[in-house]
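These notes are about the structure you will find just below.
By written order: A, B, C, D, E, F, G and H. Residues from 1 in each chain.
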Amino acid sequence: LRKGFPEVIFGAGKTPEQVVGIATKILESEERVLVTRIQEEHARALRKKFKKAIHHSVARCVTLEKSPHTKRPGTIAVVCAGTSDLPVAEEAAVTAEIMGNTVDRIPDVGVAGLHRLFGRLELIQSANVIIVVAGMEGALPSVVAGMVSKPVIAVPTSVGYGASFGGLAALLGMLNSCGSGVTVVNIDNGFGAGYAASQINALVEQNMKSVV
Amino acid sequence: LRKGFPEVIFGAGKTPEQVVGIATKILESEERVLVTRIQEEHARALRKKFKKAIHHSVARCVTLEKSPHTKRPGTIAVVCAGTSDLPVAEEAAVTAEIMGNTVDRIPDVGVAGLHRLFGRLELIQSANVIIVVAGMEGALPSVVAGMVSKPVIAVPTSVGYGASFGGLAALLGMLNSCGSGVTVVNIDNGFGAGYAASQINALVEQNMKSVV
Amino acid sequence: LRKGFPEVIFGAGKTPEQVVGIATKILESEERVLVTRIQEEHARALRKKFKKAIHHSVARCVTLEKSPHTKRPGTIAVVCAGTSDLPVAEEAAVTAEIMGNTVDRIPDVGVAGLHRLFGRLELIQSANVIIVVAGMEGALPSVVAGMVSKPVIAVPTSVGYGASFGGLAALLGMLNSCGSGVTVVNIDNGFGAGYAASQINALVEQNMKSVV
Amino acid sequence: LRKGFPEVIFGAGKTPEQVVGIATKILESEERVLVTRIQEEHARALRKKFKKAIHHSVARCVTLEKSPHTKRPGTIAVVCAGTSDLPVAEEAAVTAEIMGNTVDRIPDVGVAGLHRLFGRLELIQSANVIIVVAGMEGALPSVVAGMVSKPVIAVPTSVGYGASFGGLAALLGMLNSCGSGVTVVNIDNGFGAGYAASQINALVEQNMKSVV
Amino acid sequence: LRKGFPEVIFGAGKTPEQVVGIATKILESEERVLVTRIQEEHARALRKKFKKAIHHSVARCVTLEKSPHTKRPGTIAVVCAGTSDLPVAEEAAVTAEIMGNTVDRIPDVGVAGLHRLFGRLELIQSANVIIVVAGMEGALPSVVAGMVSKPVIAVPTSVGYGASFGGLAALLGMLNSCGSGVTVVNIDNGFGAGYAASQINALVEQNMKSVV
Amino acid sequence: LRKGFPEVIFGAGKTPEQVVGIATKILESEERVLVTRIQEEHARALRKKFKKAIHHSVARCVTLEKSPHTKRPGTIAVVCAGTSDLPVAEEAAVTAEIMGNTVDRIPDVGVAGLHRLFGRLELIQSANVIIVVAGMEGALPSVVAGMVSKPVIAVPTSVGYGASFGGLAALLGMLNSCGSGVTVVNIDNGFGAGYAASQINALVEQNMKSVV
Amino acid sequence: LRKGFPEVIFGAGKTPEQVVGIATKILESEERVLVTRIQEEHARALRKKFKKAIHHSVARCVTLEKSPHTKRPGTIAVVCAGTSDLPVAEEAAVTAEIMGNTVDRIPDVGVAGLHRLFGRLELIQSANVIIVVAGMEGALPSVVAGMVSKPVIAVPTSVGYGASFGGLAALLGMLNSCGSGVTVVNIDNGFGAGYAASQINALVEQNMKSVV
Amino acid sequence: LRKGFPEVIFGAGKTPEQVVGIATKILESEERVLVTRIQEEHARALRKKFKKAIHHSVARCVTLEKSPHTKRPGTIAVVCAGTSDLPVAEEAAVTAEIMGNTVDRIPDVGVAGLHRLFGRLELIQSANVIIVVAGMEGALPSVVAGMVSKPVIAVPTSVGYGASFGGLAALLGMLNSCGSGVTVVNIDNGFGAGYAASQINALVEQNMKSVV
């Protein structure tokens, strides 16, 4: 049913052995696999077993591809405010990439310094889908959505303290901004955002092919 | 910035006179306007002033179009479980339609009777985007997303009582299903879902044109 | 202790008779009184009794001044996104005015259309204190605070529906933006914001006098 | 009062010594004892002291039976979506078994892949009671309840992250699905589900005997 | 799938005409129908159309049976503390009755006066299933479950004020008492409790028949 | 102002050195000091420095008395359900004792086994004040208050898991039982309950003296 | 069990006829009855039936006494900040009075103007028990408790708006102040506070008698 | 845009190497830098690299200044109740100091012992801005605001347990006290309070200069 998309292993709560075992099993029949939410030791175990395993350490992911994927046309932009949100933003980017998309990373644009955002506007506007990752008050997606007419997927992060309540403040902020076409995924769910963005970009490609 | 999309008036908390006034002003420069969250009296006032006003009573919307929109290719499916969710589902459908999309309504498919959902599967799978509207436990988007590979936009509704907490249960359920590519809008936000779905469908069209 | 500041009557939950009674009593010894959160009937009763009573209907306030206040130097800017937030913004403005301040109203600048905000930037930057009123996701104070170096007081409003949870989303958003010098008052508390802004502006005046 | 049911020790927060002590005391007068929520070290201490102690490591339980229980007629099905929910599902299964029931485990059926569920439908429908264990959005009990006419006991688990809020999302989802005869126990309370299911199965047996 | 069980119409939010229409449609093929959460006017409209309609006014229900149901063996006890919980308790009782069960009502037994509960103990213990309805702190199911070995279904009600938070206090209390075999339905969900209790009692009957 | 009551040190978050330092300072002018929420190492440090220090290990307290207190007439009963609630119950008991009261401990009486509670009823009824400590659903105070006419102080504990939400369920349960004269303190606040109970018992003594 | 205390009817949600009926029944065997949470029409119906009925309109209560109660020695102080909290404060006072206590009302002392509180300090300190009623941030009980050594019962009220969340802010504030011997009842539960205060005062009286 | 204010590094979640790296980079162009939320090891690394680094250990901050700042006129008072709130109070004080302000610390004044607060009143009243830091019930800002006419910035802390819910009780208390001109920052956000207070004090200075 999820044809064309790689199999995914959610690494959190699994031992390195379990993860290697599942990956081995999947690769018997599949071309590629994505492992998310892993720690150093899982990465080491996977790389020991699979020569081609790549550890994306900020993203806390490992990807395994027997052969490189052909990239589909169009880009996905992954926008975030700062270093704390990077793990989630990178999880989104790595997910989108292994699903066959070209990703543009715009990592240092917060609402408190809009000039930096304006400096990257052309790149953002040229994307087919924009993923916006933000913690704290989660205001960035509203601002970005006001400047583009493409689908915006907002990812709240658990970055913050006190009244951020583990990402709740950012989540609520993003849900209340949906009027302008923003849709939202779970707190810290970079994977889900990358997956949904890829589905949209794949849809575009599919329809383009149908025309030709 | 929102070129091609109609202007929208959020009717809740505005008097009929205010709504007529804003609509008149918009129509000086625009081809069409959508008024959401209105009551009978707003509809009457708008239809008295504008001959072409159409009252979508279940959707609690009025649309005003100087001339009919050309529909873009591809369909948007609007799926919901039952009569209580219809106002939100219709708000999504009317929004998508006035934004130039063809909408397929699949209104009576709940998780408690999956055979009805299976009976409409082909229609759902043929859409470019699927909007799934559900109250109570909000399980429908998870089930639908498992059966299609297209983008699914989930709309929780405030339908329910007790521990539904005004739509919170459905919202949380949908956010926790994002792994399979579901994205979520605010509780009862049919407008936002229709708007986001239209953005995706417009993106597809735009890219198809670029090919030709 | 609150010398120089007018007495204030919180009208909600009081009858017109009670409000008139309390106002009469206060005016025996005071120069001016502010009545907040009133309805049409309270305004009528107050204006019947007091010739000089002024009804600020959007603000849901009545002010009563025996003689006009001398305005202190410096301005307070009251910024908000749209018509729904106006009652709270006006409550803040009326409060600041009766406390002897000059107020600049900037009522139509939302994060979804930043060009409108940029068009008013000079006026905002020239103020001593900026009150920013916003409902929904409450992102406006973060954006404004990033563009000025003056104290910003954020007022979340209960405007919204669904996951706005009566203003909670806006409140949390604003609290999580405090890093850049934003401070926050209670949901819909235009009065509190106007009062705090006036305290700051009065402090400035007081120190200027001490220099001269 | 709980005649026929074994004594149960809730191991969490107790030392191995305390658990062994309580178990020893109970076994002076009882035939069997169930210890739940224990760690490796408790299991080791119990097995050192009691030859017949069995450690159910996934379930985090130890059972102690002087002599084997006769199984009553009828089965209890324990259904769950994946590996993360297994500890709770196994706690339910082990509880039901030591209370004298035959248990059918159906461990790998999630709402995202309904075909797997359909493949096990006959086994599920043949049970007297069905326990459904699910984390994340907790949609599985609604789907299962729609396919059987037997009592369904739903167990939300704390599996998930972000807006799962420690199992709250699954709990609310399940409570809002009760229309179709689903009843719910506390988050992660596999024991409670197994106990309640056993009470129902025991009731059936008791009435069958009364007929014969 | 729900063979033997009557069709049910959830009346809340439907007009009398809608309810009469749906009921008419159902009765074309079914023997009986239950309408819940209705007001006086719905009852009047139904009784005008259907001679045999019975209005259970405390339960806010109407039942429609072409011919009387044969009652299955065994009883269901419906226990509650006082007059405020009666509508929910009666909804449970009426639901259980139209599904073919004999119901014993024990309406005036609260935890603050345990002697009244003890006076009805024999009746409660003789039931096959016990439904316990309670608002406020929801302590009654814990106490009842301690005195019987039969399945107990707890129904929290929204009766109370302040920190009862619309039934949340009772709901949480009941979920935390599940250790002793209590299962819980949604706040005010008398229907769900009656339905689940009937499923259990029907299971008992079914197995008794299989023996004979 | 707190004459007759000992000084109290809240040990949580303080180092052993800090605690010893503060205690030394207090004992320069006071007869006795109570240290709560400490760990083994604090106790060791205090006992090394002060010969008369007594470590109440279950209560996580140390008491220091230069000379024994004369006990006032009347008793305070401390009632709880089981071993998990003991630390909080003991904190209440130790607090009440060092404040000059005689305490009766009734540690093993839960609502699931009311016969044990009835067996201790006379002792409970003979007390001047009853402290009831309970976690999970917090039903015990309601039951106890129904059987005595003395002031009942309820202490919710954080014992439990899942929907106990760190003691919230017990807290809400107890607050909703206040009709019968129950008052409530913070979650796990054994100290506050002991202190309040002592204030009541001291009031009684004081008035008795005034009569004589 | 509640000897000496009057019977109480909770009027909310009951019709005037129901209330008169219950009161009539109680007065067959009792000397006095208290009816709380009633509206004008209930008061009228009660006074029509019972000559001696007294309507306490601010307290929303009616009291019915065949003959006047002898007052026990000692006073109960009822302290609150302002007019909005009066209904709850009066409910507490009326409850304490009909239970045989002398009540001192101190109605206009808030934390924002401590001089007014200091002016009444002697009266407050002379009471046996102090009930402190407060909405908004609920800070008053902490301040009062710091100035007296008598038992303080805190009553949070639902007075406020926005982040007062129906009294939750006041409730949490009061629970977190318990260190100094404050105990708390449910939001708006003036009755419960009056009842508990009376139990304490009755305890004092009872012990004084035992001495003489 | 933030001219005159030092650059700030939020140390939480960064390694010592990262912090040293960022600080080095900032100091290439800036006169001073503030590092907040660091641990011992970050302080050591910073002091090893920078001779002039000062470790404020209670505040969990390091400051780095190439040359001392000239202090602007006027003081900022930082008021708190006790030792547990000190880290947050010190973070506020250190922030205000490095931003060029003179700070008066008033560290030991709680609402339970108002005499200590009164003893420091003159010092508090002489400040231009008052920062009040409080955990638990957060009542202190209300009391302080009632005694001064200067801007009060309230900082709730996460100090407490049980129903303090990580600072939520204090936060809500402070938001509900805003009527008297109190504004609020995020839980534990000493930095934000110091920053906002400095903005106000800088505003005063700026206007004084404009006069001269």
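To be clear about the criterion, contacts are C-beta pairs under 8 Å (C-beta built on N, C-alpha and C of every residue); 3 or more make two chains touch, one makes a residue touch a chain.
These figures come from a predicted structure and were not determined experimentally.
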Given over half shared residue numbers means same and under half means different, the chain B/chain C interface is different
For the pair chain D and chain F, the C-alpha centroid-to-centroid distance in angstrom is 37
So, in whole Å, the Cα centroid of chain C is separated from that of chain D by 58
Contacts with two or more other chains occur in chain G at residues 113, 146-147, 162-164, 168, 171, 175-176, 179-180, 186-187, 189
Listing every touching pair of chains gives A-B, A-C, A-D, A-H, B-C, B-D, B-E, C-G, C-H, D-E, D-F, E-F, E-G, F-G, F-H, G-H
Chain G residues touching chain C in their complex are 83-84, 113, 161-164
Listed in rising order, chain H residues that touch chain G in their complex are 111-114, 136-139, 142-143, 145-147, 160, 162-165, 168-170, 172-177, 179-180
Chain B contacts chain A in the complex at 1-5, 10, 73-74, 128-129, 146-151, 153, 171, 175-176, 178-187, 189, 191-193, 195-196, 199-200, 202-204, 207-208, 210-212
Chain B contacts chain C in the complex at 1, 12-14, 156, 158, 166-168, 171, 186-189
